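Labels for the chains are A, B, C, D, E and F, by order of writing; each one numbers its residues from 1.
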Amino acid sequence: MIFLTAIENFWISTGIMNLDIKTLIMIGISFILLYLAISKNFEPLLLIPIGFGGLLANIPIAGIAGADGFIGIIYGFGIESGLFPLFIFIGVGAMTDFGPLIANPKMFFLGAAAQFGIFFTLIGAMFLGSLSMFDFNLYDAASIGIIGGADGPTAIFLASRFSERYLGAIAVAAYSYMALVPIIQPPIMKLLTSKKERQIKMVQLSEVSKKEKILFPLIVLSITILLLPTATPLIGCLMFGNLLRESGVTDRLSKAAQNELINLVTIMLGLSVGSKLQADKFLNPETLAILLLGLIAFSIGTASGVFLAKFMNIFMKKNPLNPLIGAAGVSAVPMAARIVNKVGQDADPENYLLMHAMGPNVAGVIGSAVAAGVLLAIVPVLA
Amino acid sequence: MQTGLTITLIGMTTVFIMLGLMISAVKLLTVIFSRKNSEKLKNKEDKDIAIALAALKSVLG
Amino acid sequence: MIFLTAIENFWISTGIMNLDIKTLIMIGISFILLYLAISKNFEPLLLIPIGFGGLLANIPIAGIAGADGFIGIIYGFGIESGLFPLFIFIGVGAMTDFGPLIANPKMFFLGAAAQFGIFFTLIGAMFLGSLSMFDFNLYDAASIGIIGGADGPTAIFLASRFSERYLGAIAVAAYSYMALVPIIQPPIMKLLTSKKERQIKMVQLSEVSKKEKILFPLIVLSITILLLPTATPLIGCLMFGNLLRESGVTDRLSKAAQNELINLVTIMLGLSVGSKLQADKFLNPETLAILLLGLIAFSIGTASGVFLAKFMNIFMKKNPLNPLIGAAGVSAVPMAARIVNKVGQDADPENYLLMHAMGPNVAGVIGSAVAAGVLLAIVPVLA
Amino acid sequence: MQTGLTITLIGMTTVFIMLGLMISAVKLLTVIFSRKNSEKLKNKEDKDIAIALAALKSVLG
Amino acid sequence: MIFLTAIENFWISTGIMNLDIKTLIMIGISFILLYLAISKNFEPLLLIPIGFGGLLANIPIAGIAGADGFIGIIYGFGIESGLFPLFIFIGVGAMTDFGPLIANPKMFFLGAAAQFGIFFTLIGAMFLGSLSMFDFNLYDAASIGIIGGADGPTAIFLASRFSERYLGAIAVAAYSYMALVPIIQPPIMKLLTSKKERQIKMVQLSEVSKKEKILFPLIVLSITILLLPTATPLIGCLMFGNLLRESGVTDRLSKAAQNELINLVTIMLGLSVGSKLQADKFLNPETLAILLLGLIAFSIGTASGVFLAKFMNIFMKKNPLNPLIGAAGVSAVPMAARIVNKVGQDADPENYLLMHAMGPNVAGVIGSAVAAGVLLAIVPVLA
Amino acid sequence: MQTGLTITLIGMTTVFIMLGLMISAVKLLTVIFSRKNSEKLKNKEDKDIAIALAALKSVLG
């Protein structure tokens, strides 16, 4: 008797007996993410942990993403609290050389322009939310818009505050499009520029002194403190990491931030974000809408950057910008800058734009963090 | 719709004002420091650090 | 007056005034663990933190292992939650090359057979528990049995869920016997094999392709999802670490898992486990029984592996197995495989069994995690 | 006793079934991939990574 | 309408509208700390995170140091719990070679004498507390005294238990004076010694065997267990780290403690401590008093060490001590030992005191931890 | 005042007693081990570790 009871209980607790079609689809999607990461080299550092987290979160019975499951615990510790994206930003700050931006500060404008994708998409999401088939409130719309910032940590930070229910879809969209930069951006860039524009060579950047590099993070943070305190967690962590890097007296800590901290947190953040890929939260029309809106956000951001570069050229007859570098303003560091370089070389093999594109590229990181700060400040007032 | 446009207007204005201020600040910085010999500080510090590290190394083994 | 009061209060709070004989014995046992780790090289990476944790936990007044003590806090964070053994498994996965097992998948059977020690011992512990002198319920018996899995993280994970009160004894038994593999296993191996059998040379393993290595962790996890969801936290973490290793695109994360993650967690896990070596929890007849049962579990596991290898040879006349490699199925990676190699070379100095023994060795890790999953699934039903 | 035997029976059966399935799956895998040139993928990937890393290095300094 | 409301709400949430003069002063102080760390190389590994933490904590609206703010969360996790200073001590233990102290154990006395600064200052703080203008109770006085121990982690550990409200000021004082060792100590050392005394050359230290180094941490901990259990968290962590270093069988863990552990925790501890530099907690007469008392503690500690060295020379006619090495007894490792060497070479360029000063230097770490243990044991009885 | 002096007296006495005991213990240690050949142990251990590491390396790749 006891044997039969045991075997029956055992059998009804197998995966075979508990997998429904939706869960299987989510497991399939997780496998696709792993495939894209491994075979297509799509942001593998994030998409492998996210894909694997999605796999584990969808296992029936095990409850790995539940409150007592191990990924559930990590999620509460690092995502709900906002710690993980901020830790990543400390590491990113320690890895980022703002030299190209300091050497040519006008590039800040391109990093600003590319944020237009965020707000355009916010309006789009609000419009969809006004239809009865999509459940998007203002908080959700803001979180969806931030995909256009092309910055994973910023997107996760904002979504964890505003729209936890769509955090999985938003993070997957953000990292997917960052991985798809080589496919999404070039057609837009080519559509909006003439070959002659793409052939423009830019003047060599000047050397940046050590003192400028040390003062840069403090200045950026100070301006943020004065105007937009809500952006200071993100900007503050980015600039803290950068000061560790540039101060010249904290190499131990800078290296720890660039390696141990960012690697360990990436593993945990990836698994946590992946755990939001649960069938009941992911398989709904909203996810499709988020993926579509994210793509729009990305494209509009790219276009806005290119447009502003062309507009700035009206006033810079002598040393014009190559408008391609505007596309790097979306951030997606350093992939977007690489693509600028590649598209530039397609037009003229002698055209080296990489360093020039790094200015708007890192400005875009600051720009999206500022945009997130604005949303954190005014969305609760208007919602 | 009005809400969305409000957010967009405030958002883009803030982004441009703030990043614009950053441009001014950085330009000011460049003006201040481009005349000075920025190598002096570095060398002095490097030496200090080298001394401290050598001592630490000899001591902590 | 105040001086006398102070000095009296100070004196009655010294260790001298608060050490009882049981605490002294536990401190002595902690020192013995440290001695064995340092002088005899017995699993020092674990036994030094465990021994030191035992030392600190038994200090009177200080309350280091209490709820507000620093090891108590770490314990709650990492052991009660199950996080630490799972993090270790991510690191182990990143350190493990499953190539020898993929090259010769029949070795899985040896890793399966060696798990018999777990269940045999579970029955033994239940029998002892039926005597009035030992306080073992079914949960305890399952946790004691898992010592036979010869996998520290698996044993700690299961015991933290089923039998926290005996976690210290179980972990110490598991790591001690893993350290004692060179003493425990060879006599059993020699008893059960003829010299001729020990001299059997096995055919060279074939190369394993990169794709096989990438798909291996996903396949093992998929099968576990289908049949035994309760084993997926352990198997999932092991395979996640292994995918980080084999994917070829996440070297940063793989190295972080193999170094930072596993080292930091080993320190914390060791101290936490050691904190369970408190006098009132350790000095009782149950601990002696656990040590004895653990030894039996280990021995039966070793024997089962060897027996199955001999049985398999009935069907493998052409390329017979050297039955010694069955002993490596208990896991205790890589010590058990090294011992197989050594015992093989005692019989024939030209016999190199190390790589052949690694197959059952790593299969044994999977095998015990599966066994733990079975126990997690059916013990609550039957208890 | 009955409980212990039940657990043992279910346990060992499950272990053998699952590890047996893993054998079959791995064997299938070997059959599928042993014919293909598994080096092709690797080389392609190595190159991709090398490019990405070189860019990153040149850019992040 | 909605636009005007939004813009008004946005404007009143800017930093400009919320910065008061006290906050601006604290931000200024944070910048000064960063300046001293970067330009003057004042303990930059701690003062950059502390200064940056101070900056972030004083940002209005953002609430970064609040219960839900990211530094507030880290503070609760690592400082309130006492974990961070103890983790640092594990790392310090793994970095410390006690060889010079084992070779010349009399140096322990100098590390003991230098603790007098702690108790002298405690009395001073109690006196100030008896005046109506300073709010210092006995717990605060003990925490202020410990600044004289010249050990950051010990000071933070004690203050987090006894006087959280002054933790910021105490930590800043402790690290500032450790950084100011080259300025504070030499005048005192020269005042209390004759040139002839400063020229004394000491005999070469003998080799220390590996076994002695392995047993040293266990012996120090055992004595602490017997007499002063309240000091065992600090001494225990220090000696655990040291055993990882000296055992010879746990190199992986020793290196992890010396690098990953101490670097990551230093970043987090620095930010957390800095977050106590909030205007309402810092800008008060008590902070000035703490800074003054800390300076006194440091100076008295230095003098006590030198005095005891001179006193010991009465009994050591044959091989006298150079009394300068007494100053290293305050700890502030290894800066204080370096200063001893420098002052000694000022008197005689051929006088190499560095290794001799390391004995009292590392003894001072143990000495202050013991002093902290005494305070933890008797202050609650007397308060 | 009385409290402060009490703490100072107990504190400094404890510090000197404990660090004094540490001196005695270390001196005892030195006496015990200075006669023995402390190299023996080390060599043996180094060899053990080397073997274990070599095996691990060969095995874990």
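By definition in this document, contacts are C-beta pairs under 8 Å (C-beta built on N, C-alpha and C of every residue); 3 or more make two chains touch, one makes a residue touch a chain.
These figures come from a predicted structure and were not determined experimentally.
A.B. asks: Would you mind telling me which chain pair, B-E or C-D, is linked by more contacting C-beta pairs?
C.D. replies: Here the pair linked by more C-beta pairs in contact is C-D.
A.B. asks: From the centre of subunit B, which other chain's Cα mean sits the farthest off?
C.D. replies: With centres defined by C-alpha atoms, farthest from subunit B sits C.
A.B. asks: What's the farthest chain from subunit D if centres are computed as the mean of the Cα atoms?
C.D. replies: Computed centres place E farthest from subunit D.
A.B. asks: Roughly how far is subunit A from subunit D, going centre to centre by Cα mean, in whole Å?
C.D. replies: 30
A.B. asks: Let me have the rounded angstrom distance from the C-alpha centre of subunit C over to the C-alpha centre of subunit E, please.
C.D. replies: Here subunit C and subunit E have centroids separated by 40 Å.
A.B. asks: Nearest whole angstrom, what separates the Cα centre of subunit B from the Cα centre of subunit C?
C.D. replies: It comes to 50 Å between the two C-alpha centres.
A.B. asks: Can you give the whole-Å distance between the Cα centres of subunit A and subunit B?
C.D. replies: Centre-to-centre distance between subunit A and subunit B: 23 Å.
A.B. asks: Pull out every residue in subunit B that's touching 2 or more other chains.
C.D. replies: Subunit B, residues with two or more chain partners: 3, 5-7, 10, 14, 41, 45, 49.
A.B. asks: Give the residues of subunit A that touch two or more other chains, as numbers and ranges in rising order.
C.D. replies: If we look for residues of subunit A contacting two or more partner chains, we find 2, 6, 10, 41, 227-228, 248-249, 260, 374, 378, 382.
A.B. asks: What pairs of chains are touching here?
C.D. replies: Pairs of chains that touch one another: A-B, A-C, A-D, A-E, B-E, C-D, C-E, C-F, E-F.
A.B. asks: Tell me, which parts of subunit D touch subunit A in their complex?
C.D. replies: It is residues 2-3, 5-7, 9-10, 14, 41, 45, 48-49, 52, 55-56, 58-61 of subunit D that touch subunit A.
A.B. asks: Using the touch rule from the top, collect the residues of subunit A that touch subunit C in their complex.
C.D. replies: Contact set of subunit A toward subunit C: 2, 5-6, 9-10, 13-16, 18-19, 27, 31, 34, 37-38, 41, 44-45, 48-49, 52, 55-56, 59-62, 64, 69-70, 73-74, 259-260, 263-264, 266-267, 271.
A.B. asks: Help me check something: in the complex, which residues belonging to subunit F touch subunit E?
C.D. replies: 1, 3-8, 10-12, 14-23, 25-27, 29-30, 33-34, 36, 38, 41-42, 45, 49
A.B. asks: Which residues of subunit E touch subunit B in their complex?
C.D. replies: 2-3, 6-7, 10, 39, 41, 95-97, 99, 334, 337-338, 341, 354-355, 358
A.B. asks: Going by the contact rule at the top, pick out the subunit C residues touching subunit A in the complex.
C.D. replies: Listed in rising order, the residues of subunit C that touch subunit A are 81-83, 86, 90, 214, 218, 221, 225-230, 232-233, 236-237, 240, 243-244, 247-250, 252-253, 255-257, 260-261, 374, 377-378, 381-382.
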